[in-house]
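What follows is a set of structures to go through.
You will see chain A twice below: alongside chain B first, and alongside chain C after that.
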Partner chain A sequence: MPAFLTALNPGWLMILAGVVAIFLPMRRVRQGITIAAPLLGIALLVMADQNVNHLTASVMGLDLVLYRVDGLSFVFGLAFLLAALLNSIYAWHTDNRLQDGMALAYAGAAIAAAFSADLMTLFIFWEITAVTSVFMVLAAGTRAAYFASMRYLAIQVLSGVLLLAGACYVYNNTGSLGMKAFVSLREPGAMLIFIALGIKAAFPFMHNWLQDSYPKASVVGAVVLSAFTTKLAVYAFIRMFPGQDALIWIGAVMTVFPVFFAVIENDLRKVLAYSLNNQVGFMICAIGLGSAGVGNALALNGATAHAFVHIIYKGLLFMSMGAVLYRTGTTKASELGGLYRSMPWTALFCIIGAMSISAFPLFSGFVAKSLTMSAVSHEGLTVVWLMLLFASAGVMEHSGIKIPYFAFFGHDSGRRVKEAPFNMLLAMGMGAFICIAVGIPAIVPGLGYEWLYNLLPYREEAMSYQPFTFDHILTQMQLLVLATFAFIVLKRFGLYPPEKPGTILDTDWAYRKIGFGLAQWMGTVWGKVGPAMTAVFLGISSRAYERIEAAFSPRGELARGALTGAMAIWTAALLGLVLLLAFVTVG
Partner chain B sequence: MIEMLLSSVPQWALAHAAPLLVMVPLMLAPLLALVPSGRVAWLVSIAATAATLVFALILLGIVQSPESGGIVSYAMGNWLPPLGIELRVDALNAMILVLVGVIGLLATIMSYPTVLAEVRKEKTALFYSAFLACFAGLCGVAITGDAFNLFVFLEISSISTYVLVALGASRDRRALHAAFNYLIMGTIGATFFIIGVGFLYAATGTLNMADIASKLPALQGSRTVQAGFAFIVVGLGLKAAMWPLHQWLPNAYSYSPSFVTMFLSATATKVALYALIRFLFFVFSPTFAFEHAAFTALLMPLGIAAMVACSFQAVFQTDVRRVLAYSSVAQVGYMILGVSVGTAAGLSAGLFHLLNHAMIKGALFMAVAAVVLTYKGTNIRDFAGLGRSAPWTMTAFAIAGLSLIGVPLTAGFQSKLQLGYALFDNGWWWAVILVVFSSFLAVIYVGRILEAVFFQPPVNPRKTRKEAPIVLLVPLWILALANIYFGISTDIPLGLARDAAAAAFGLEAFR
Partner chain C sequence: MSNDTPETRDKSGRFLSRAAEKAHDLHTVSDEGIHPMAKVLFGWTEAKNIGAIMFWGVGALGAALIVLDVFIQRHEYFGFANWTGFYGLYGFACFTFVVLMGWPLGNLLRRGENYYGDAGGPPADVDPEMPLPPESAQPTYEGDD
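What follows is the complex of A and B.
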């Protein structure tokens, strides 16, 4: 392979293609590019040598590593590229230059960030993901989407700024920008980076941007958004904070609390957003269990595998809801139902996605989640294990049953629409294929969970792990059956929260309402105080200006007086001063 | 390039480059007074300045070559130093000589149309004669290793400068008053300097600067030496327009012929500053207690006062040339501030800014000369709308103006950056704030002019599209592009400045 190709970061290729796509008016050519770029990127990635710095640069004394592939970034890069490919196929029926280009650039930035091996490069692409992804929300074109996108942008940029501050601090302290695992959070630099990543990963109380913006995004936009931002944060956590005890509890809380919101939420895309939160919680929890290099490789493998499969099945679920939205114009559970008659294929793919996310054996979620659960029980953390178990049941409840049930079955809404466009079905079908192919044991050569395990960063531990054991399957099946049973019972006796239109207050109510009130109040106060202060400032500055002018202008003090005489006196004065200085210092 | 030059010149030029550098313009100066034609005088001047530049480059090449040991010493008339007059070139004055040569050549090339327009025709040849004398004097100051000889060359350059300023009288009668003022003050400065040299001679019994330097450390406590130091610093400070001894400068720059302003602004104060640095770092030493005190208690406050006060004054001026003149004093303040840090980094930053400022002010005043030639007035109002009628001239002006402010990717930015580093290393972070503040004032005074040039309609609608002649535009653009080139690649000027600072501190190499 020529040298420039080996040094070409697939992410950069994608960004470049994205920029080209923005300016390309020919629709089919543009869409050809959006499909070819990820394919080319996968080819480049597969051929790239691992653990080699392919591209480095030295800018202003900073040593940057712009392209480096290793076992961990390979998995994430591959997942991102696959997701980008599916997204491009899914977007085939649209004709939106900005959305096509920005989606490609967004995916590219996430990939480039995953392949960068220093904090500064990571920061740059981190910010590019923020800026490009906003267009996914904006593409919906509604007023609500506009405001949501602005809130989204503000929070994403805040995360970037914190990351930059942390990187500066670390650089100042250690003189190196290299990405390394931080041992302690006590160091302010590590803390800043931790918070920056936490915002992107949507930690509890930092999560609202996600539920705020994703459901308001366009049909394609939500699919694109679901794949990259949070998983990039997960990647960065694995890289920089493996085995950080705080993450175990943060992750556990993160898996549990969205369950309640998801169960009562009416907007099915918002349910998916909450379930995204819950899934990332599993990964975060697993990262907290793993320790750098040694110890619990099982947990880090679990987080990585979970991220990989999650990108695919969450994308699949968002695609199916996107198809519903595209055909019916809504994703409200209260307005849907009975769609399996008119959209059978979509319903099938949605069920496959739902079974994957619920971790049914033989689906991809199972092989990934088993790793995490084993790691937790291995560590003997009973409370955490129970929380995760509860959350697993919750996933089954809100994503595994609620989504397909309310959209495609349940009470018939009477809607008779067309099946989703072929390109959407194709993308969903490919996603569903991956979900199953990764989930099954290696019966078919080349497929099966071993293919995924083979990619994981700690390969030997992964390969020696056996997901399809009796107790794994039994535990999981008990869980799933009981959750299904609970759903049926609750539904039967009318106890299940009915699908009602309405707004659920999440913690973001606090800052959105109180913050808005505060801003309003301050606006009023400023309206009164402002003019007074302006008058004072104007007075001060005009007086200062007059004084400066009086001193320095051509008519001013400094220019007045007989030139020669003044200069002669100054000369004498300076001479006296130098002599005096010499006298004082030496004498 | 310099190696190529060294290998191609004949042996006599290599051996006698130092005296020839001064002698060529000095001998041609009186001859030109006899030439009837202004054009011939112009061409001869170009030849003379070009020859000087070649000799300066030869000297720079010899100084930089490892076998010379960094010093070229030439005994005039084979009278060996310390008794005879010595021409002594090291990294510091090789750099100054090249600067004077380059600016002298470019200025001479661009001069002819403006001189024709601003000086009475029968005096054109005399004008060039005075110019060559001034040029020779500046080169002499820069090259000599003898304190008294330095005074002589200083007077040669000064007296011819008074003449040059006075020749602006045919355009503006106030030039006579300005020249007279300059004469009185310049003479005070020169007198102070020679008194100081007298004191040193009394204390050490020698006039050769290297020789004085070798004898001074034993005489640190001597009041005679200290008095000599005081007189020399004030005398040369006046010549270098150190605040508050700068008051001759704005008038002299505003009323002299445009070409003279351009040449003086880029060379005269720089050479005087060179002489000051020569005495501060080579004859005296920053390790002397009284000099250290003078640095922190005198030069540093004066440098800061210059860069703040004169920037303010520049803001309020209505005449473009006065704006630039006050800004020059402020820029001298930056250089003095860099010097007063008293470290190799500070000195190299000051020298770096000296080089860059010569390019900046050279380009700015050259553009002003072009405007004076084609549109007369120099008031800011007269510049209104020129961006449309003379785009080439004004674009170059804008580039140099941005460099004066210190916008990144220009030379002015690089030298302010180096100055900031040097100040920080010395713990003078507050001075960095003042440097930035003064740059902010520069944004205002340069911005006012640029605003008029590019955004205001012309006051005189009959001003049609008219560029300056090509002999003006080419040197102007060479300087303007140099501002950008050296703003991106600082190797050459910063290397020169650092070599000079290394020589001053006796370091092997300072990077």
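What follows is the complex of A and C.
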């Protein structure tokens, strides 16, 4: 392969193709590029040697590693490229230059970030993902999307700024920008970087940007958004914070709390956004296991495998809800139902995505989540394990059952629409294929789940792990079947809360109501106080001017004749006083 | 098969045209707006008493999985996870808890759709030929009469 091709980061290729696409008015040519770029990227990645610095640079004395592939970044890069390919196919029916180009550049930035091996390069692509992704929200063109996109951008840029500050501390302390695992959060810069990644990974209380913006994005935009940002953060956590105890609990809480929001949320794309949070929680929890700075091989494999399969099945679920939104104009559960009559293929693909995320045996979620669950139990973390198991039942509730049931089955809304466009079905079909292909046993050695396990960073540990044991299948089936039975019982006895329209308050209430209200109040106060203060100042200064003028102007008090006469007397009196004083002091 | 098919067509031709007609049928939406694949893939959901069938069917499957557990010696890291049917009962309990929590949480956290003042229509890239929603799909609010 020519040298320049081996040094070409697939992410850079995608960004370049994205910039070209923005200026390309010929629709089909542009869309051809958006499909060809990820394909070419996959080819470049597969051919690239691992653990070699393919491209380095020295800028202002900083040594940057711009392209390096290793076992970990390979999996994330491949998943991002596959997601970008499916997204481009999914967007074939649209004609939006900005969205096409920005989606490609956004994917490219995430890929380039995953293949960079120093903090400064990571920071640059970190910020590019923020700036390009905001167009996915803006593409919706609604007022709500505009405001959400501004909040989104502010929070994403804040994450970038924290990352930069952390990188500066690290450089100041060690003299190197190389990305390495932190042993303690007390190391200089570690906490800043931890929070920066935490924002992007949507940690509890930092998660609102996700539920705020993704459901307001355009049909295609939400699909694109679901793949990259949070998983890039997961990648960076694996790289820099393996084995940080704090992550275990943060991850466990992340898996549990969205479950409660998802059950009452009416907008199915928002349910998926909460579900995304819950899934990333599993990965974060896995990263925290093991000793600080090293991690637990089984768990890190689990987090990586989970990220890979999650990118595909969450994309698939967002695609199916996007298809529903495209045809019906809504994803509100209270306005949907019975759509399998019009959109049976979409329903089928949605169910495959739902079964994958619920980790049914023979679907991709099962082979990935098993690694994490096993690692947690091996470490003897009883409470965490019970929390993750609780969250697994929760996933079954909101993503496994709620999403397909309320959109495609349940009460017939009477909507009779067309099936999704062919390109959408094709993208969904490809996603569904990957979900099953990766989830089945390795009947042919090297295929099925072994294909994925072979790619994982700790390959030997992965290949020695058996997901398809009788115990394992039995226990997982018990959990899922009895959870499904609970749904049927609750529905049958009218105990399942009805889907109602409304806004569900989350912690962003603090800044969207109190914070915004406070800012508005201060604005109003300033609007009234400002002019009043100006008037007071003007009054005082004009009065002072009048007084000065009255005293000193040619027609003023001091210029009058009476005073001139009095001056001689005053001069004489003062002279007398001075003489008296002189006399007294000398005497 | 349509009536204007020539009589003289050979067998393979007739087979192909029949296959093509079948394929055509499978993506031709009926007058009622029902996709033909809906019947093939999900026709079973329209069975009479599907609720009862699902209730007893899934219930029996769950029971069978727990009964199977009696005969299996599992090797769990946590002692309590070895209890017969632990996973099934835990899954049932968690699911029920989450759903039942939906009642009080819904009352506590649900506000009007325009609470933040930004409720609005769908995004710009929805189907331009979208049909109007039927009456039954219009949102209904409690107290609407």
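Here is the rule we use: the second predicted complex is superposed on the first by the 513 of 587 C-alpha atoms of A that agree within 3 Å, B and C clash if a C-alpha of one lies under 4 Å from a C-alpha of the other, contacts with A are read in each partner's own complex, and residues count from 1 in each chain.
Heads up, the rule we're going with is that a contact is a pair of C-beta atoms (placed from the backbone, for glycine too) under 8 Å apart; a residue touches a chain by one contact, two chains touch by 3 or more.
Computed from a predicted model, the values in this text were never measured in an experiment.
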- Query: What is the contact status of A:Phe260 with respect to chain B (first) and chain C (second): first, second, both, or neither?
  - Reply: second
- Message: Once chain A of both complexes is superposed, is A:Arg30 in touch with chain B (first), chain C (second), both, or neither?
- Response: neither
- Query: Regarding the shared-chain residue A:Arg68, is it in contact with chain B (first), chain C (second), both, or neither?
  - Reply: neither
- Query: Does chain B (first) or chain C (second) touch A:Gly556, or do both, or does neither?
  - Reply: first
- Item | chain B versus chain C, judged by how many residues of chain A each one touches | C
- Message: Considering only the contact definition stated at the top, list the common interface residues of chain A for chain B and chain C.
- Response: none
- Inside the complex, what are the residues of chain B that reach chain A? 181, 184-185, 188-189, 192, 220-221, 226-227, 229-231, 233-234, 237-238, 244-245, 247-248, 251, 289-290, 292-294, 297-298, 309, 312-313, 315-318, 322
- Item | chain B-facing residues of chain A, complex | 548-549, 551-554, 556, 558-559, 563-564, 566-568, 570-571, 574-575, 577-579, 581-586
- Okay, in this complex, where on chain C does chain A touch? 27, 29, 32-35, 37-38, 40-42, 45, 51, 54-55, 58-59, 61-62, 65-66, 68-69, 72, 74-78, 81, 85-92, 94-96, 98-103, 105-106, 109-116, 118-127, 130-131, 133-142
- Message: Please output the residues of chain A touching chain C within their complex, sorted ascending.
- Response: 94, 96, 99, 139-145, 147-148, 216-221, 259-260, 263-264, 325-330, 332, 334-336, 340-345, 347-348, 377-378, 380, 382, 385-386, 389-390, 392-394, 396-397, 408-409, 412-419, 470-471, 474-492, 495-497, 500-506, 512-513
